[in-house]
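Per-chain residue numbering starts at 1, and chain names A, B, C and D are given in the order in which the chains are listed.
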Amino acid sequence: MADYTSAELLTINAARLLRDGDVVFVGVGLPNLACNLARRTHAPNLVMIYEAGVIGAQPTRLPLSIGDPTLVSGAISVCSMYDIFALYLQRGNIDVGFLGGAQIDRYGNINATVIGDYLHPKVRLPGSGGSMEIAAWANRCYIITPHQKRRFPEKVDFRTSAGFLGHRREREAARLRGGGPQAVVTDIGILEPDESGELILSALHPGRTIDEAKENTGWDLRVSASLRFTDPPTETELNILRNELDPGRIYLRGGE
Amino acid sequence: MADYTSAELLTINAARLLRDGDVVFVGVGLPNLACNLARRTHAPNLVMIYEAGVIGAQPTRLPLSIGDPTLVSGAISVCSMYDIFALYLQRGNIDVGFLGGAQIDRYGNINATVIGDYLHPKVRLPGSGGSMEIAAWANRCYIITPHQKRRFPEKVDFRTSAGFLGHRREREAARLRGGGPQAVVTDIGILEPDESGELILSALHPGRTIDEAKENTGWDLRVSASLRFTDPPTETELNILRNELDPGRIYLRGGE
Amino acid sequence: MSKLMPLSEAIRKYVHDGDLVYAAGFTHLIPFAAGHEIIRQHKRNLVLARATPDLIYDQMVAAGCVRKVIFSYMGNPGVGSLRVMRAEIEAGRLEWEEYSHFSMISRLQAGASGLPFMPMNPTAAGDLERVNPNYRQVIDPFSGSPVVVVPPLKPDVAIVHVQRCDAEGNAQIWGIIGEQKEAAFAAERVIVTAEEIVDESIIRSDPNRTLIPAFIVDAVCHVPYCAHPSYTQGYYDRDNEFYLSWDEISKSRQKVQEYLDEWVFGVPDRSAYWEKLGPEVHRRLRVGERLSVPVNFGSY
Amino acid sequence: MSKLMPLSEAIRKYVHDGDLVYAAGFTHLIPFAAGHEIIRQHKRNLVLARATPDLIYDQMVAAGCVRKVIFSYMGNPGVGSLRVMRAEIEAGRLEWEEYSHFSMISRLQAGASGLPFMPMNPTAAGDLERVNPNYRQVIDPFSGSPVVVVPPLKPDVAIVHVQRCDAEGNAQIWGIIGEQKEAAFAAERVIVTAEEIVDESIIRSDPNRTLIPAFIVDAVCHVPYCAHPSYTQGYYDRDNEFYLSWDEISKSRQKVQEYLDEWVFGVPDRSAYWEKLGPEVHRRLRVGERLSVPVNFGSY
């Protein structure tokens, strides 16, 4: 079995969730790498869309921000910020959105706004950006995050973007266009929503244990009856990541 | 005094109503000629905008339609139809709109939709196009029309676009952005709204009479206390029209 | 993945009897060839939507393809009336639904944006709002004043003619851009016809010009001169003479039928139609070159 | 009529204490030079609005120009936090008003369109709607369901950096076009800064690229390299190294002050700033040519 970093593990498992032909709202960092990995393996027709208004980018270097000029030169299309959110996301043209946040709770709701009280925050985070809309309107959402207890509270301090709210029924009642979070990929395993919308442990990465997952989760984590182990990263996947996509190891070095 | 056609008279008097720097929503035909005449005389900084989405056209020939390619080549800007109506007209960026119609009533309301009943029309006209919005949102509107009794009924069969409704108070209550019709230029003279919004005779063209105006108006036309005569077309105005703007006399020949 | 196919195949596959069809273009780029192919294929009970129906809808109505029209200006631009549609409406044989330009285009904007409605400022022209129940009001929660709203328009199929696109359907338009983008995003299915099919690298050299991305496009058809008697900016002129002559033709239903027999049923496709127009028309509609000054996107 | 003037004059004339300022640009074309000039002129009590405040608002907050910020993502894109703004908010010294990206941009769209509000589909992320009273609901009269609406944003002044414009202010942008057009149309006053002032004929060669027409523009300033450390597509690269180093600088208020003293107060204008950056930075940010394939507008 190959040796790999936690970032590589997350990226490879996120890439495997993507399907050929998916139209993906991409963020920088690991989601960007995951999409490019998928394109070079099982999803050559994946379409990458950046919220800066770029469709079908062909970057020749790793972008630091989602508005990097390398995403624009040679792209298929560029449109305004209003259009990328209205015509693409709100219209229902986005299959997959990637999300992250400081806190993810039992029902997949995300906090990227504040730790503590909103008006007198202990920690003021960057805020929603596009995640409020991505979480609501992308057909499927995936979350990539390190598995730490403080990141997985029972309930988020501030609901920046919607998972299943208090129950899958509540999300359905809110008539949101998208299907909500489909998977949370962590360095321990994968959480997926059950029929109630609660995130339960559905997979462990090779060598990880249920106890590790439970210990690092802030609620009483349930385990799927069909718990599986993820396939270890392949040589092909690792080679593409290391040699083609992030040779400088800007994103892949870290444990996060 | 020079000899001139009715169309030349209308065009020249319409041109004189335009001010330097005006941003004008232009239609084809006489309004187009009037704007170009104004630009070549007293209003060199007039900006011409076509509802097809063209700003600052420099046509090298007379366009048949407002979407003619000669309006586009060499224009300053082209935008979508939504933008031309939203960002330009609805936002309040249009100083002047030109309107026409089959019927114009006592309070400057216009019918361009049907003669007779809407569902079972005697005559089905083309309909609003942009005139519903132009009449409501341009700061000032001007109407160019032949002076005929059937065109000036007491009340229009169908209110396609708003003048002063039943009284200036009613237009104000409707909170329309624009100021409504400021003048109706006919081949007999000029009608302008009084303080109640009723169109009254404010000017006669040289040689025309109050009786002619009254006979050709479908309501009891009142006459302004400060009735004036318009200045006759000048040689300069006629020369520009005939030699530069419409040398083929496509629009200027007619009585209309 | 190439979506190239003949126009006849695209119409057969993606335009069905009873569909709400939006053939886009404000004066510019009106896809006449697609309208003619729809006539040739005897499609029936269509609902046709366009701000300005133009001659193409007059012809489709004359050919018996149409149950209903949705429009905001039913004229022959710069000429006068659309005589066939007008006569059918006056005779009570054609349904219609009517808007102003901005409310029509706002419906398309709502459809393209996935919104349940678009607001508009009041126009106080109450008669159209009275006869068309799609005009409704909401109260602006900030000012307490009433605001007019219209619902989304979501065509079953949009037909969009463009100057150039690649085989997948990434499409670029310049000149008057009307409502092509909005129509494509609002519709369930999209047929793109193009003057030129170009390599993806041409498209990628100028991404800001790409108004329609391939992944919302179903069919790509290479149809030079598709827009005649409308025009394609930079490719050929508007045939104003034909717009004037249609005013004569459409005074007589027999002449209209003769026109359809000769120019629609009498030709197999657009290339035959263009040939038939002859060298004098070709010469009259030819345009000289006036190129955009290139911009630098930079290599990063 | 030329509106050309030095940036210092434009800021003096059109940016007043207490103004709501929108310096546009999504990562691309952020008018840093204008922000620095505002700092040099000691403007006070400004309300700054931007979807992504970026470093420029962090610097203006640090310089004491700002009473309040309106934003949707308060981060150093791809790096992390905006430390100055964050500290000021956590300390209760800076007012703020917060949106998601789409509601922020919908506010600008409403402002640009002259609409009393823009609707959005529900997101069910009720907490932001609860803390910000500018999120309201109306009932969709077609479905009976609630719809979220936000009011127009109408800046007192918008500052927009562009690649090229003419002396009157007809402005062309390519690459990421973010919300420049909407900001300009929404604002009462518009300052355009440009990498290049070009002849009107260049603008007229490609009217589809002109996003901002001169008649809504108040001042035109020729400011090459205005956007550094942000970038201008085709002119120079984004200075990612500076974005990373600001994360270090902004850990210490003293270092921030030293930065302002040296790079803002220590230079009279942008050309001195650019000179001061030195040849190595110039070389690092230089970009090669990648031209758009021209299109033909035709001579008609």
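Definition applied: contacts are C-beta pairs under 8 Å (C-beta built on N, C-alpha and C of every residue); 3 or more make two chains touch, one makes a residue touch a chain.
Predicted model, so just to flag it, every value in this text is computed and none were measured.
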item: Relative to chain A, chain with the most remote C-alpha centre; value: B
item: Whole-Å gap between the CA centroids of chain A and chain B; value: 58
item: Distance from chain D to chain A - Cα centre to Cα centre, in angstrom; value: 28
item: Centroid distance [mean C-alpha coordinates] between chain D and chain C, Å; value: 36
item: Residues of chain A engaged with two or more neighbouring chains; value: 54, 68-69, 72-74, 78, 86, 90, 137, 177
item: Shared-contact residues (touching 2 or more other chains) in chain D; value: 114-115, 120-121, 145, 174-175, 177, 181, 205, 208, 233, 237, 287, 290, 297-300
item: Full enumeration of touching chain pairs; value: A-C, A-D, B-C, B-D, C-D
item: Touching residues (chain side chain C, partner chain A) in the complex; value: 1, 112-115, 170, 181, 185, 200, 203-205, 207-208, 210-211, 213-216, 297-300
item: Touching residues (chain side chain A, partner chain D) in the complex; value: 28-29, 51-54, 63-69, 72-74, 78-82, 85-86, 89-90, 113, 118-133, 135-137, 158-162, 165, 170-171, 174-177
item: Complex contact set, residues of chain C against chain D; value: 114-121, 136-143, 145, 147, 149, 151, 163, 172, 174-175, 177, 202, 205-206, 208-209, 233-235, 237, 287-300
item: Chain D residues touching chain A - in the complex, by the definition given at the top; value: 26-28, 51-52, 71-75, 77-79, 81-82, 86, 89-90, 92, 98-103, 105-106, 108-109, 120-128, 131, 145, 174-179, 181-182, 231, 233, 237-238, 240, 243-244, 287, 290
item: Of all residues in chain A, those that touch chain C in their complex; value: 23, 45, 47, 54-56, 58, 60-61, 68-70, 72-78, 86-87, 90-93, 137, 177
